[in-house]
Structures are given as structure tokens and as C-alpha cells.
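Same chain, two partners: chain A is paired with chain B first, then with chain C.
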Partner chain A sequence: MEIFALTLAGIFMAGAPLVLATLGETLTEKAGIINLSLDGSILLSAMTAFAISTTFDNPWLGVLGGMGVGALIAGVLGIIGIYLGQSQLAVGFILTLLCRDLAYFLGHSFSRQPGPDLGMWTIPGIGDITFIGPLFGSQSPVVYLSLFAIFLCWWWMYRTEGGIRLRAVGESPRAAFGRGIRVRLVRLCYCLAGGALVGMAGAAYSLAVKPGWGRPQGCEGAGWIVLAIVIFGGWHPVRAALGAFFFAAIQISGIYLQDVFPSIPAPVFQVAPFPIMILTLLAMNTGRMGWVQDFVRRYPFLKNASKGWSVEAPAALGEDFNPKKGL
Partner chain B sequence: MKRDSFLEQIGWLGAALGLALLLTVLVALPAGAPPFETIYVLFKGGLSSISKIGRVFSVWVPLTLCAVGLLLPFTARLWNIGVEGQVIMGAIFCTAALRPYDEGGMMQIAIAIGAGMLGGALWALLAGLLRVFGRVHEIFSGLGLNFVALGVTLWLIFGPWKRAGVASMSGTQPIDISLWLPKIGKLSVSWIGLALTITAIIAVYFLLHRTKWGLKLRAVGENPKAATLFALGPRRRLLQAFMICGACAGLAGATQVLGVYHRLLPAISSNYGYTALLVGMMASYRLGLVPFICLFFAILNVGSIQLPLQMGLDSSLSGVIQGVMVLSVFIIQGVRMWVREREEVD
Partner chain C sequence: MIVLKDIHKHYGRVRANDGISLTLEPGHIYALVGENGAGKSTLMRVLAGHTRPTSGQIGINDKTISHLTPKLARKYGVGMLYQDPLDFPAMPIWENFQLGAPKRTKREVIDILGELSYRLDACFLPDETVSSLTVGERQLLELLRLLDLGATTLILDEPTTGITPEQKQDLFNLLMKLAREENHTIILVTHKLSEALEMADSILIMRQGALVSTLTPPYDENELVSLMFGEAAKGVVSELPEIPSPAPPPRLRMNDALFAGPKYSMGSLNFTARPGECIGLAGLDGSGQELFLRGLCGLDRMPGGTLELNGKTFRSNDFNVLRRAGVHFVPADRLGMALFPALSLMEHITLTFPDHNDDLGEFYKSQCVERFNLRADPDTQADELSGGNQQRLLLSLIPDNASLLLMEYPTRGLDAGSSRQVWNHLKDRCAKGASLIFFSPDLDDVLEHSHRIIVFYDRAIAAVVDRKDATMDVIGALMAGKTLAEIKEGQQ
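Coming up: the complex of A and B.
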């Protein structure tokens, strides 16, 4: 029981940045914009967060800096993609590579330096409770932040008027425009907000989960996993967060499997999430194929079991909206 | 819609280059690097001697191979992001084909090149099958397979193919000198690599612009639904385009093993796949521009090796400049469209 709780605590820790970035990207994609630059954004904001917190000896300033950088990158993507009408995917991909190299270039002098990290927060009084104690008694602040962010995102999306606007510009920008919503501006705002969350994820890597900066930092590739989790999560914050914890569990189990199979070199386990990412997407898309749907229709119990398996993306995801070009 | 005059086009190109330069300077300042001296060192490092120019061409070969290959899937409006992994797979198959031979000649080199192309093509076919039949977006299938290919390389280097006694990131046992691609004089570039690359450029030109296959591929890209109705076989054609692209990338991987590193190591692909995607975007996928942009990017790559030695900077600056240039091209394209729109409104 104790070991199980500790493993779960490890999953919460490893999953925290994944959750933050997934929520950010879910917000952005809900508004109809694909921010493909995640992998680079996370790295650059991780570097910035570490550099700022080392320079000013204050990790929370670093978190703010990371969020700023994440928002800045998303802003560049937003302006080029929304207002200048260029392909979001292409610009996002360029930014991925650009930000990665920029992170290594600018972070050169901070490489392998000691620096502050976010430490642990202890909640008094619950440390001795079985199971809950080791799980929530003393954790990194990013874990609490990520859990709070899940709730906040869900609440904002489904319980506020702002959330309705957000979903409207992603599902049907024309209708939203007709209702007097400034579609492009709303999209840009959620691009920035999502980017800030992604930046927070980067800071969570370099200040808590894998403290420090270097080449490689250790969070390379996480951005791509996050992009897949958003699809897996069906653009719903809670389901997306569960997906993030699922992938965190795979990463953690890699460490255990390493002890079971000592002959397999350690780096091999680090790429394990990627084939699983492909297989998950494959399994989700299989549900949409004709012959599978026929098969499921024949067996009622399968129909119930597969409910909610296939999910639809926001209808206007990745589409341009230019109010001047007519409705 | 009126077309821009030649002068205007030059003006826009100048604006893009100016913006790229401005952004590069802005980026260099926080790293504490004197911007113009850095750029000078960068170009001097790539062009100052004949041997350096030879090295530039040894980068140009794999980069151009990947970039011209990418034109085929793009003609069908698909991105082959998996090109990086296809380079790695090509290198793995090439090394595998050479393992039985302690030494050899042209025959073995030809076999190894063929194996490399096969490896790249098979890896591309896998990404293509996932896209066409599994409906997994090619960004995820390609990218995931890139990481898988890297995992396979690491497993081989630390596992079955490890050097006797030591296993390290420096790679497998080097191949015998008789299996190296013959070099031009003392330059590090091989005439075989250059010849293969130029052949690939010409072959892709003919495929795309002079054959029915290319015309049909274009039709598939423009309108997949109509392509199905006209029985152009869009699925088969997409897979073929992916495989030819993969074969080019695999060839690039083989030249890396046979001509540059002479062994398999984790960094065998040197990021050329991703850089080639940038080249394609910057050229707007026009074949005529690709070799020249590749040449420019190759100069930056080779020049950047001097940065850590002379200036104490990280060599990733070349990647930064490449990214900034492509981004500037996109920004200027957008501004140009915006200006044109306003003119039409007036």
C-alpha cells in the first residue's frame, strides 16, 4: 500500500508538467488554433525559468518568466497564424525547431550549473493519514498547481460565459462573429493563455521534475506527447489530464522495467511513450472506420463499452477566420 | 489579382532577409555575443578554405537528398515529418548490410547503399500506412517513428552491435577504410555522394513534371475526392510518394555512414531531416530553389562548428538563424498578402 502510494505520488510528479501543457494546448485548440510549437516552447521556457531563477535566486520569478516566454511564442504563432493568414502547422513547426535551438544557444552559459528549485510544500496535518499522507502530504508545488489547473480549466470551459465564447469560436467562428464576438481577438487571447500554461510546464521541468539545465535537458519530446494527449483527451480538460497521468505512468514504469530487464540499455525505455502514442491514436481512429462501426453495431455490449471512445475535434480547428472575406 | 513586378519581388525578398538579420542580431545580444563578428566567424568558418567548402558539400549531399525527397509527399499535400527517422533507418540498414564484410569494394558499397534506401523506404511505408489506413495524422506517425528509430539505434549500439568491451555513445565499430566512399582528393566530400544527389534532383524533376505519375500525384494533392472518383488510386500513389521520399532519406543515411562517420552512432542523422523540412518550407516546395537553400544552410552548419572554439558560443546558432530565416519568409508573405488585401479594398 505504502509503495503503491509512493508510485502514485511519482506519477503525479512526472505528470504535472504534462498536465499543465496539455491543459494549455487544450485551451488553445478549443479556440480553433493548433499550437504545434509545444516541444520547443517547453524547452525554451524551461531554460528561461532556470536562467531567471538562478540569476535572481528566486524560483517563482523563474516560473513567471517561463510563462511569459510560453505566451510570447504562442503570441508570435497567433499573430502570424490568425492575422497574417499563414499555415498554423507550418509556423508552429518552424517555431518548434527555432525555440529548441534558441534554448540551447541562449542557455549555453547556464548548462550544468547548480540553481534553485521549487522544493516541496508540506500540508500540515495529513502527513500521517495512510495512503493520502504520502500522496498529498508533501509534494512539489507544481503537483498542487497542476491539480488546481485541471479544476480551473474545466470550470472556466463549462461553467462560465467566457467558456461558452471559447467553445463558440472553436466550433463555429461565423456564428460567434454573428453574435458579436471578436473571433480573432478571442482566439489570440486563448493562444496566449494556453502558451502561458505551456511555459509553466517548461518551468515545472527545469525547476521541479528534472531540476537544472543542460543539453539535453531531459524533457525533449514531451511536447509531441502532449499534442497526442490532447487528441486522446478529446479536448476535454479532465479526460486530457487523465491521459497525461497515463503517459506519466508509462514513463515511471520504464524505470521499474529497467530493473527487470537490465540487459536493455536505459535510453531505450525513454522512447517507449512514442510507439504507445502512435498505437493510442491508431486505436482511437480505428473506432471511426466503417467496418469497425458495423462490427460494434452488431453487438450492443460493445456499443455501450465504446461510448465516448471516439471524440470529435473542435469543428473549426486549424481553420482561418477572416471577417473581411464575407461570412 | 495583379502580380507583383520583378522589382517588388526583389523588395519583398530583401525585406525578408533584413527581418531575418534583425531577428538574428536581437537573439545574439542576450547571449553576450557581438552580432556582426559572430556572423563573420560563421561564414568564415564555412567558406574560408577549400577543405571547408568540401565539408560544406558533404553536408549539402544528405540535406539536399532529404529536401528533394520531401517534395514528392508535399505535392500530395502531405508532410513527411518522419524523414529524420528514415535517415536513421537508412543508416541502420546500411550498417547491417556491411556487418558481414571485414573489407570490400564497390560491390559492397553498392549493396550497402541499396540496403539504406530500402530501410528508409520501409520506414516511410510504415508512416504512410499509418496515415492512409490508420488515419493517424502524419505529424504524429512520422514523429513517433523518428523517436522509435532513435531507440532502435541506441539499442543496437548498446546491445547487439556494441563495440567489443565498451559500449558508448560514440557508436559501433568503425567500418574498414576499403568500404568508405571514395573522396575527391583530400576533400571530405565524395563524388559518389554528389553524383547520387544530382541524379536524385533530376529524377524528382522528371517524376513530378514529366511523367503521368507526377501529374496524377498532383491531382491527388489538389483534390483527393475527385482523385478517387477518377480512379487515380490516391492511396497507392500517396504510399509510393512516401516510399520514394523514404528511399532518398535512406540514401542520405547511407552516405552518412559510408562517407562521413563510417559507423553507426546516435547522432547519425545530424538533424538533417528536420532541417530539410525547413528548406522545403522556405522554398515553398519549389524544386529550383531547394539546392541553393540547402547550400546556404550547409554553409551555416559547417561554419557553426567554429563558434564554440572561437567565441565560446553554442553551435546551435546555425539552427537559430535557419529557423529565423524561414519564419521571416512566412511573416513577409503574410504582410504581403495583408498589403495586397488593403490595396484591393481601396
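Coming up: the complex of A and C.
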């Protein structure tokens, strides 16, 4: 029980930055914007967060700095993509490469330096409870932050006016414009908010999950997998967060399995999560395949079981909207 | 009172609105009539604040402004209902209703929606998504929303496309009530004269971007027609071709076919079409007619049953196999599904008729210009063509030996002259032995141009009606879910 709880705690820790970035990208994509710059963005904000917290000896200042950088990069993408009408995909991709190189270049002097990290938060009174104690009694702040962010995103998207507006601009910008919503401004706002969350994910890497800066930092590639998890999560914050934890779980189980099967080369376990993710994605979306639909038709009781399996992307994802052209 | 003064709206060289002035008074029902492309919708979008005019002035309640925004329009009580409802299909009904309104809780929204729909004899389940509604219900929801926002000037753009005649009557009664009892201004945008004659206190006629005339009752129908269509009114629509007797062997036979689309499936389809026959499909949006056409041409799957074409049996419906067998599909979304928007006319011809690569210029001239009257430069890109020319190009790409033509809404977006040309061409093909199966949301078209009509209801064939029995009332009732037996009973 103790070991299981500790493993779970490890999954929460490893999954925290993935969850934060996934939520950020979910917000952005729900508004209809694709931010492809995640991977570079996470790296640059991780570097910035570590540099600021070392310089000022305050890790929370570092987190803020990381969020600022994330929002700034998303803002560049937002302004070029939304207001200047350029391809979000192309700009995002170039930003990824730019930010990655920028992070290694600017962060050179902080490489392999000791620095502060976010440490642990201890919640008094629950440390002795079985299972809950090892899991939540003393954890990194980013774990609490990520769990809170899941709730906050869900609540905002599905329980507030702002959330309705967010989904509206991603669903049909024309209709949203017709209802008096300032489509481009709303989109830019969620682009920035999503970017800030992605920046927080970067800070979570360099200040908590894999403390320190170096080349490689260890969070390389996380941005790409987050883009996949967003699709996996069907653009729903809770489902996407579960996807992020699921990925963290298979990554961690790789470490355990390595001890159990020492004859299998280590890289197999490092690479395995990626194909597993693809297979899971396929399994989640089988509902769309013709032969599955025929099968369900033959056995109607499967219909209820298959409900909610296949998901639709926001209808206007990646679509440009210019109110001056009118409807 | 709303006064539009000298409104111009230009798209590049196209003058969609060319100096339009008109006055709208409260409590009146106006009908804005004109052909497709006359500029009616553009003018109304200007009035609803969805499009900014190139120049001109709008006077509302003694204030004069250069243009409206959606927000301002709402403030002045102007609301517009689009032909394709401008809503959010993936989102719940109550959210669609609330969006754009002042802040309210979900409970309040549901109460207001319930009360409004009770008053208008409608019923909405607030947590269902809008995609589960029919087009008619979506329009009604939009109408409720506009009324809730306090709209006193209601613009309805072709509101009767895709709803049953019965629903149309309900809508018109409601509009009449709003105008007479609550002093609302109603503007009905339509290309159907019968609707204008039935409803309007005055009829505004637009042609080629200009307001040519304003008529008040009593109306002279002939005058209206000539004002609306000009010279084009004088064309002749050819008669439906005779089906040879004794009847030749069937062109198409469906044996217990099962079609499966992404959203639903339709089984036990048995139907036979003869050569030379024009078959119209009628049904509300999503009733099955779309799947019927897409399944027949192989765009949606056929997991069960067989198709027989000219005596040859097909167990599966592969698109390319069927195409080689002479089945050709023309979708309603011409640019999106059938043409290459960025390729020129000539390139389309080159791609489709590789055999003619030696004498392309000659072939183009005989095929497009002479046969189809396609008057455009061969280097024009497909997306720069008018709707009529796009349809002409598409039809000219279908080889002469096509034996089964499947068409979705053949006259979508076409003006009267082009529509007539398209119908004459299709009938000509049928007279030469092809079979035509087409769908149109315009019931008049279906009634006029079919030997037989298949009516769809609730994702199944409700009835197959012969030309001699087909009236607007019968087809409308079948579309709304009545059975033939019930209709006969009602008539007695």
C-alpha cells in the first residue's frame, strides 16, 4: 500500500508539468488557435524560471518569470496569427526552434549551477493517514497547483459566462461576432492565458520536477507529447489531465519494469510510452471507424458503452477570422 | 423608424449594393425580393451590423451613423436570422440562447427560454446540443433569442428554405402577430414571389445591386415578375421528358441496401429507377436524403445489400468503380467538394478529359462555351466564378455517357436564368436516356421537375409519390411525419 501510494505520488509529480501545459494548450485550442511552439516555449520558460530564481534567490519569482515568458511567446504567435492573419502552424513551428536555441544560448551561464527549488509543501494533519498521507501529505507545490488548475479550467470552461464565450469563438467565430463578441480579442486573451500555463509548466520542470538547468534539461520533447495529449483528451480539461497523468504513469512504470527485466535495453523503456500513446489514441477513437460502427449497429447494447468515446475538435480550430471582411 | 441612405457596398469590382435608399416603418411587414445575387443579403447584413458598407448612412431613431456593429444593432433592436442559422451546433441549447445576452444564471436562462417557447408553442430541451435540432427548430430558437434580446426589427433571410409548409404557416402567423400586435418591423428576404404576395405590406424589389421598385397592394404579379427578372423572365423551361413505354429494363435497382454515414445509417432500401426518369428527393435537413445520395455514389459506406446498375450487380459501393459504371455525383458544396478552387477552367478540362489534350482549345470551345454557354476566360480560377458558372463548369465535366446523375440542390445560389438552363440541360440528358436523382430543399423545384418523388422522414423512406399525386400539401405532410394513409383519411 505504502509503495503503491508512493508510486502514485511520483506519477502526480511527473505528470504535474504535463498537466499544466496540457491545460494551457487546451484553453488555446478551445478558442480556435493552435499554439505549436510548446516545446520551445517550455524549454525557454524553464531556463528563465531557473535563471530568475537563482539571481534573486526566490523560486516563486522564477515561476512568475516563466509564466511571463510563456505568455510572451504565445502573444507573439497570437498577434502574428490572429491580427496579421499568418499561418499559426508555420509561426508556431518556427517559434519552437527559435525558443529552443535561445534557451540553450541564453542559459549557458546557468548550466549545471546549483539553485533554489520550490521544495515541498506539507499539509499538517494528514501525514499519518494511510494512503492519503504519503500521497498528499507532503508534495511539491506544483502538484497542488496542477490539481487546482484542472478544477479551475473545468469550472471556467463549463460553468462561467467567459467559458461559454471561449468555446463559442472556437466553435464558430462568425456566429460569435454576430452576437457582439470581440472574437480576435477573446482569442488573444486565451492564447496568452494558455501560454502562461505552458510557461508555468516550464518552471515546474526546472524548479521542481527536474531541478536545475543544463543541456539537455530533461524536459525536451514534453511539448510535443502535450500536443498529442490535448487531442487524446478531446479538448476537455479533465480528460486531458487524465491523459497527461496516464502518460506520466507509463513513463514511470518504465523505470520499474527496467528493474524487473534487466535484459531488455534501457532505451526501449524510454521510447515505449510514445507508441503506447499512439495506440491508446487509436483505441479511444475507434468509434469513428466504419467496421466498428457496423459492429455497434449489430449489437445495440454497445451503443451506450461507446458514448463519449469519439470526440470532435473545436469546429473552427486553426481558422482565421477577420471581422472587417464581414460575415 | 429606420432610414437607409445611399448605401454602397463593393467587393472588389463587384457592386453588391449600389446606392440604396429606403425607409422602414414600425408595424409593417416588408418583403425584400430579388434573384440570387441581387444584393438582398448584403443589404440586410449592413442593416444588422454584420457588414460595414463602403459608403452611406443609416438613420435609426433620429440618429444618423455611418455603420452599425452587431452590438449597436442589438442596442437599436435590430436582429437578423440567417438562412443557415448562425449558431453553435456543438454547444447546448441554453448556452446558444444565452450567448450575447446580459449576464444571467443557467436557471434564469432556462426559465426565460421555457416561458418564451411556451408562448410560441415550441419546446426545447435546454441541455441538448443544437446539432440535434432541425433547421426549422434552429431558426425558431434564433427567433426566440432575438425577441428575448428585445429586437423590434426582425430580418429573416430566406426563412422558409428547409422547413415544411406547415411550419412555414406557423412562422408566418407568428410574424403577422408580432407586426400587428407588438408593432415590430419585419423584413422578409426571399426569392419566392408567393411568400411576398402572401405576407407583405409592401414589396421591395432588388436587381443587380439596386432597389428597382417599391410596390404596395394591390400587387400585379406580372409587373413583379418583370421587375424582378427583367429580360430573363421570358425564358422557357422544357417539359419533363416522356418515359418510353414499354418501360426499358431498370437503370438502378437497390436490393435491401444499407447505407451507413458518420452519424446514422439507413437500412432496407429498395428502389428502382428507370432510364429517362427524374426522381426528386424531399425531406427536412438530416432526414436521410443526403445519405441516400452519398451512399448511391459511394461516398458513404454500404455494409449490406446490393446495387444493380444497368443489370450489373455491385456488392460494395466503391466510388471509383461506380463512377466508371456511369454514376456521377454533383454536391451542393461545389467549391468545397467538386471543383479545385485555385485551378483554372482550362485546367479542370485538362484533368477531366485527358483524351482531348491535343485539341484542348477546340474542345473547350465546343464543350464549355457552345454547349453550356459558360462565358468566362479559360484562365479564370474556379473560385472566382459565379455560382451559375461553377454549376455550368461542373455539368460540362460530366461525360455524356453518364447514366445515373446524382445531384444535391442543383440550383443552389443560381439566378433564374441559370436555374432554367441547368434544369433544361438535366432534362435533356434524361431525354437521351440518363436517370436523374436530385435533392432540393426548394419544394417547388422538386414538384416541378420530378416524375416521382421519394419523401424522407426520420432517416427512412416515408413514401414514394407519383407525379400525378404529388401536391405541396401531400409532400409537406409526409415530410412532417404523416403517413400516406393518414393523409388520405384527412382528405376524405
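Basically, the second predicted complex is superposed on the first by the 318 of 327 C-alpha atoms of A that agree within 3 Å, B and C clash if a C-alpha of one lies under 4 Å from a C-alpha of the other, contacts with A are read in each partner's own complex, and residues count from 1 in each chain.
One rule holds for everything that comes next: contacts are C-beta pairs under 8 Å (C-beta built on N, C-alpha and C of every residue); 3 or more make two chains touch, one makes a residue touch a chain.
Keep in mind it's a predicted model, so treat the numbers as computed, not measured.
Participant: When the two structures are laid over each other on chain A, do chain B and chain C clash or fit?
Facilitator: Chain B and chain C fit side by side in the superposed model.
Participant: Using the touch definition from the top, say if A:L97 reaches chain B (first), chain C (second), both or neither.
Facilitator: first
Participant: Which of the two, chain B or chain C, is in touch with more residues of chain A?
Facilitator: Chain A has more residues touched by B than by the other partner.
Participant: Can A:V238 be said to touch chain B (first), chain C (second), both, or neither?
Facilitator: The answer is neither, since A:V238 touches no partner chain.
Participant: Pick one for A:A5: touches chain B only (first), chain C only (second), both, or neither.
Facilitator: Neither partner.
Participant: Using the superposition on chain A described above, determine whether A:E171 touches chain B (first), chain C (second), both, or neither.
Facilitator: Second partner only, chain C.
Participant: Touching A:K324, do we find chain B (first), chain C (second), both, or neither?
Facilitator: both
Participant: Please indicate which partner A:P265 is in contact with in the superposed arrangement: first for chain B, second for chain C, both, or neither.
Facilitator: Once the two structures are laid over each other on A, A:P265 reaches chain B alone.
Participant: Looking at the overlay, does A:L147 come into contact with chain B only (first), chain C only (second), both, or neither?
Facilitator: neither
Participant: Applying the touch criterion given at the start, work out whether A:L61 contacts chain B, chain C, both or neither, answering first, second, both or neither.
Facilitator: So A:L61 meets neither chain B nor chain C here.
Participant: A:A228 contacts which: chain B (first), chain C (second), both, neither?
Facilitator: After superposing on A, A:A228 lies in contact with chain B but is clear of chain C.
Participant: When the two complexes are placed on top of each other via chain A, what is the minimal CA separation of chain B and chain C in Å?
Facilitator: The answer is 5 Å, the least C-alpha separation in the overlay.
Participant: Shared contact residues on chain A, chain B side and chain C side combined as an intersection?
Facilitator: Touching chain B and chain C on chain A: residues 288, 324.
Participant: In the complex, go through chain A and note every residue touching chain B.
Facilitator: 36, 80, 83-86, 89-91, 93-95, 97-98, 100-102, 104-109, 215, 221, 224, 227-228, 263-265, 267-268, 270-272, 274-275, 277-278, 281-282, 285-286, 288-289, 324
Participant: So in the complex, which bits of chain A are touching chain C?
Facilitator: It is residues 161, 164-165, 167-168, 171-172, 174-181, 288, 290, 293-294, 297, 312, 314-315, 324, 326-327 of chain A that touch chain C.
Participant: In the complex, go through chain B and note every residue touching chain A.
Facilitator: So the residues of chain B in touch with chain A come to 27, 30-32, 79, 81, 130, 134-137, 139-141, 143-145, 147-148, 150-151, 154-155, 158-159, 167, 274-275, 277-278, 281, 313-314, 316-320, 322-324, 326-327, 330-331, 333-335, 337-338, 341, 345.
Participant: Which residues, counting only chain C, touch chain A once they are in their complex?
Facilitator: Where chain C meets chain A, its residues are 45, 48, 50-52, 69-71, 74, 80, 86-91, 95, 98-100, 103, 260, 262, 265, 301, 303.
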